[in-house]
Every structure is written in C-alpha cells, then in structure tokens.
Amino acid sequence: MLLQLLDYLGVAVFAVTGGIVASRKQLDFIAFLFFATLTGIGGGTLRDLLLGVPVFWVVNEAYLVVCLVVSVFLWFFAHGIERFNKPLRWADAVGVSAYSVMGAAKALNVGDTLLVAVLMGVSTATFGGVLRDTLAQEPSSIVKSEIYVSAAFAGAGSYVLLAQFGVVPWVAAILAGSVAMILRGGAILHGWSLPGYGHRRRP
Amino acid sequence: MLLQLLDYLGVAVFAVTGGIVASRKQLDFIAFLFFATLTGIGGGTLRDLLLGVPVFWVVNEAYLVVCLVVSVFLWFFAHGIERFNKPLRWADAVGVSAYSVMGAAKALNVGDTLLVAVLMGVSTATFGGVLRDTLAQEPSSIVKSEIYVSAAFAGAGSYVLLAQFGVVPWVAAILAGSVAMILRGGAILHGWSLPGYGHRRRP
Amino acid sequence: MLLQLLDYLGVAVFAVTGGIVASRKQLDFIAFLFFATLTGIGGGTLRDLLLGVPVFWVVNEAYLVVCLVVSVFLWFFAHGIERFNKPLRWADAVGVSAYSVMGAAKALNVGDTLLVAVLMGVSTATFGGVLRDTLAQEPSSIVKSEIYVSAAFAGAGSYVLLAQFGVVPWVAAILAGSVAMILRGGAILHGWSLPGYGHRRRP
C-alpha cells in the first residue's frame, strides 16, 4: 500500500521535473505532456523490462493519468513553482529517493537476488532523469561530482538490507527513502560529495 | 494489409533518414547500414518491447532486408536525394505519420487501453528519430518549437478515436496518417507551431 | 564453455572502459560502480531484451560481481592502466570483438535467423560503448570515420558464416573474434578506415 503510494509519488515528481524542463525550454503543451510522461514513467519502464514483468503503465493506465494531470498543472503553474529554490533539483531528489526504494522492492518481490535488487533500484531511480536530460540535451547529474547515484545506491541498498533483516516493507521503505533523501538533500544544500578519484590520487 | 504496408513504409522512410544522416557525416557503407537499420526499426522495437510482444524484425526478417535495400540505394543515390528540398525532414515526416498510426494500431490489437495506445503511437513515432539524432549527436526535433511531437500525437489520437467509433482500420489509418502528415508538413513548410509556454506567460 | 568465458570477458573489459571513463571524470566510487556496470552489461541486456529471453545478469548475479571487482580494481589502479597506450580504446576493442561474437552466438542458439543474428551481434557489441559515451557526454566512436561498427559487423558476420558451415562454436568464436580484433586494432594503430561516402563522390 505504501509502496503503491511511493510508486505514484515517484512517477508524479519525476513528471514534475519533466514538465519544468519543458517550461524552461518554452515548449508547447504536447511537449509538456511528452516530457512529463517519459520522465515520469521512464525509470519504472526500464525496471519492468529488465525484470521481464509487464510494464506497469500498460497494465494500469492510472499512471498515465497522473502524468497528464501533472502536465496540465505545470502548464498553468510552472512559473509559480520556479519561485521556489531549485524546484527541479528538489523534485528530482524526491523522485530518486522514491524510485530507488520502489525499484529494489519490486525486484525483491519478483524474487530476484540482493545484488540485482540494488542495481534495479539504482538504475531505475536514475534512468528517468537521464532520459529527460538526454532528450532535452542538458548535462546530466550523473557526471557531476555531487552525491547523486550514491543517494540512489544508499536508498536501494538500505531497503534491501532492512528487508533482509525482516523489517516490514513500509517501515523499511520510509527509512531507506529518508536515507536517500538526506544524502541527496545534503548534496543540493551543501554540495556534499564523496571523494572523487583525482582527489584521492593527488592529495 | 494496409497496416502492414504502412509498417514497411515507416521502416523504409526512417531508414532513409538514417542513411541521409550517415551520408552527411561521410561515413562508410557499414555505418550507412547501421544508421539506416537502427533508425528504421528503432521505434517499432520500443513499441514491441513495451507491449511485451515479440520484436517484429526478430519474427520477420523482411524488415531487415528493407533496411539493407534502402542502405544500398542511398549509398549510390544520397547525393541525388539531397537535390530535393529538405529530404531528411520530409522523409522523417512520413515516418512519424506512418509510425504514429501503426504504433497506436498495434497497441489496440494487443488489447491495450486507449491512453496506452496513444502514448505507444507517440513514443514509437518519435523514438527512431531520437535514436538517430542522439547517435549522430545532432540536435533533436523534440526540443524545437515547431510542431513535431504534436503531429505524432494527432496521428495516434485520431486513429484511436476513429477506431473507437468503428471506422474500418484502413480508412482510419489513411485519415489519421493524413492528419499527422498535414500538421508536420505545415511545420516544415510554414513553421507551424503551437503556442509555447513563454508566449502564453508574457504576452 | 568458451562462449561463456567470452561473455565474462566482454562484460569485464567493457566494465574496464566504463571505469576508465569514470576515473578520467574524477568521479566517486559509486559512479565507478555505475559506469563499469552499465557499460559492462549494457550490450548483453539489449541483446536479451530484443531476443525476448531473461536478462543474463538477472538470472546469474556473477556478472554483477565481475563488474564490482573491476570497479574496485580500477579505483586503485586506473592511474597505472593509464600508463599504457590508449587503454580505453584497446579494452573497448576487446569488448566489441567478444560481444559481437557472443551476440550472434546467443541469437543463433535461440533459433533466430542469420540476418537477425548478425544485427544482434553488431548492436549488442556497440551498445555498451554508446551508452557509456552518451552518459559521460563524450563523442561516440560510432560517428568517427575509423573502422568501428564494421569490426563488429565482421566479427558477427564471420561467426554466423562459420557456424553455418558447421565449424564448432569455439573455433568459430576464436576466428570471428580475431577478425573483429584485427580490424579494430588496425583502426586504432594505423587509422584503418573504409571509404566514406564523400570520398567516393568527390574523387
């Protein structure tokens, strides 16, 4: 149930980031729909293809309706959202956190092994944003020095660990999602980063 | 039957656009084959993966032969084709129109719902070109202000609507394909565009 | 058995190229893992999705362990590897050669036709590198004039031909892999290229 909510939340906030990109590029409404939908469902689509299960939005149209509603909302209010501080990065952070947990949880449900579950969490949490940035021809967060992939990794990893120790799914999801969110939030606010390769080599 | 023809047509004209890109980049013949084939079959491949049905060109090699023939033809005649006005964009327009209808039609045949069918039409009509432009490192039409995604949307949407009202498939396909083609053609000839986000905000 | 080894080899050397890219961009360890893993398993993942068989690393986690080991190794020794001449391009060449054969072999095993097997070899041999270069926002080898796609094509094509003439798989794999490696190696060392479109047109 909570996982279901997390799933809608992940789709919705990634859809918001897609819509914000479309608004910054001054695109038309259909492009809003396109960017919001592809960013919203991209990560989960990759997850389901890799797991070999039916794609979630083909099974349940409600996810597409969520993207449609988000697009309409942003078409009218994107200028308002831009008054917040770094709205795109914060929505993206919520999306990464929610999806990293969801990706791992769905992989565990399908019965896959721990490493696979972690990788599924990481790749599906980051894929929507990569898709959005590639299509919009913006530099992707993947290659920045800030914590990004690591936050997804921490979220997926903690969920898998907690689930392994028998923690009930919704508690594990909240804890793991918070871990990812705190790491990514710290990166946005304070530029948190792990030591990069060069820093370690040339002290 | 007509849908079958539209499918070959979509593959062939997208293959033409891939070959034109290869010729403009002065690539060798194998690269012609590569670009023509990936652009030609890219959209349909995504469609089949998402629908969870066997990939069309794995089932029926004839599509690969079409791409091979197109590549050989372009290797000899790309310079002739370039004498036409904007050959790449017109071939791409035919491809988008044919694929938007085909994507929606195949999704409806598999029994999916209306929103899914429209999204399938849009994403598969645009994916081949996105793949081509990304691999060739050219700016994609997706983020231009001209009507592009909207034409695919109109094509897929009209097909789904017409099919819903009981219009026979081949009539629906011709009508819907024409709608997409007229919109995209108008964009190429006259720069047709929908109002973008900024225009509406700052009148 | 040899095919199995080739498969691990392909994954490992592509993982090496992913790790080298991460080290050149001074990324953190999690990013090493991410680039190494996605580059290592990208091509085979596409192959399995297209063939409609379960994704190899979801079935067998050992491939992920290979990527993990490669990442740890590179995190400590990437600076040593960089002392070699063009390590990224040579590792990539081994990966392309191994994967072009593996892609074709797996497609033939699943019972697909010859053209499909060749295309599967080519696209899966090149996909990992394209994914790596796209995510890292580096120019891809696909659009350079040097022999690259052609080497994958020669590898996959020779394997399919040899298998067709009844050559035992491991001999066919060694021969076909060598063909690809020689072509790509010649391109790296001597800039071998096939005649491009423009050269033929304006002699």
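A, B and C are the chain letters, set down in written order, and residue numbers restart from 1 in every chain.
The working rule: a residue touches a chain if its C-beta (ideal position, glycine included) is under 8 Å from a C-beta of that chain, and two chains touch if they have at least 3 such contacts.
Because the structure is predicted, anything quoted here is derived from the model rather than measured.
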| item | value |
| --- | --- |
| Interface composition of copies chain A and chain C: same or different, split at half | different |
| Rotation angle superposing chain A onto its copy chain B by C-alpha atoms, nearest 5 degrees | 120 |
| For chain A paired with chain C, centre-to-centre distance based on mean C-alpha positions, whole Å | 29 |
| Two or more partner chains touched - positions in chain A | 49, 134 |
| Residue ranges of chain C in contact with chain A within the complex | 22-23, 25-34, 37-38, 45, 49, 54-55, 57-58, 61, 64-65, 68, 75, 78-79, 134-137 |
| Chain C contact footprint on chain A (complex, rising order) | 49-52, 112-113, 115-116, 119, 122-123, 126, 130, 134, 139-140, 142-143, 145, 147, 149-150, 153, 193-199, 201 |
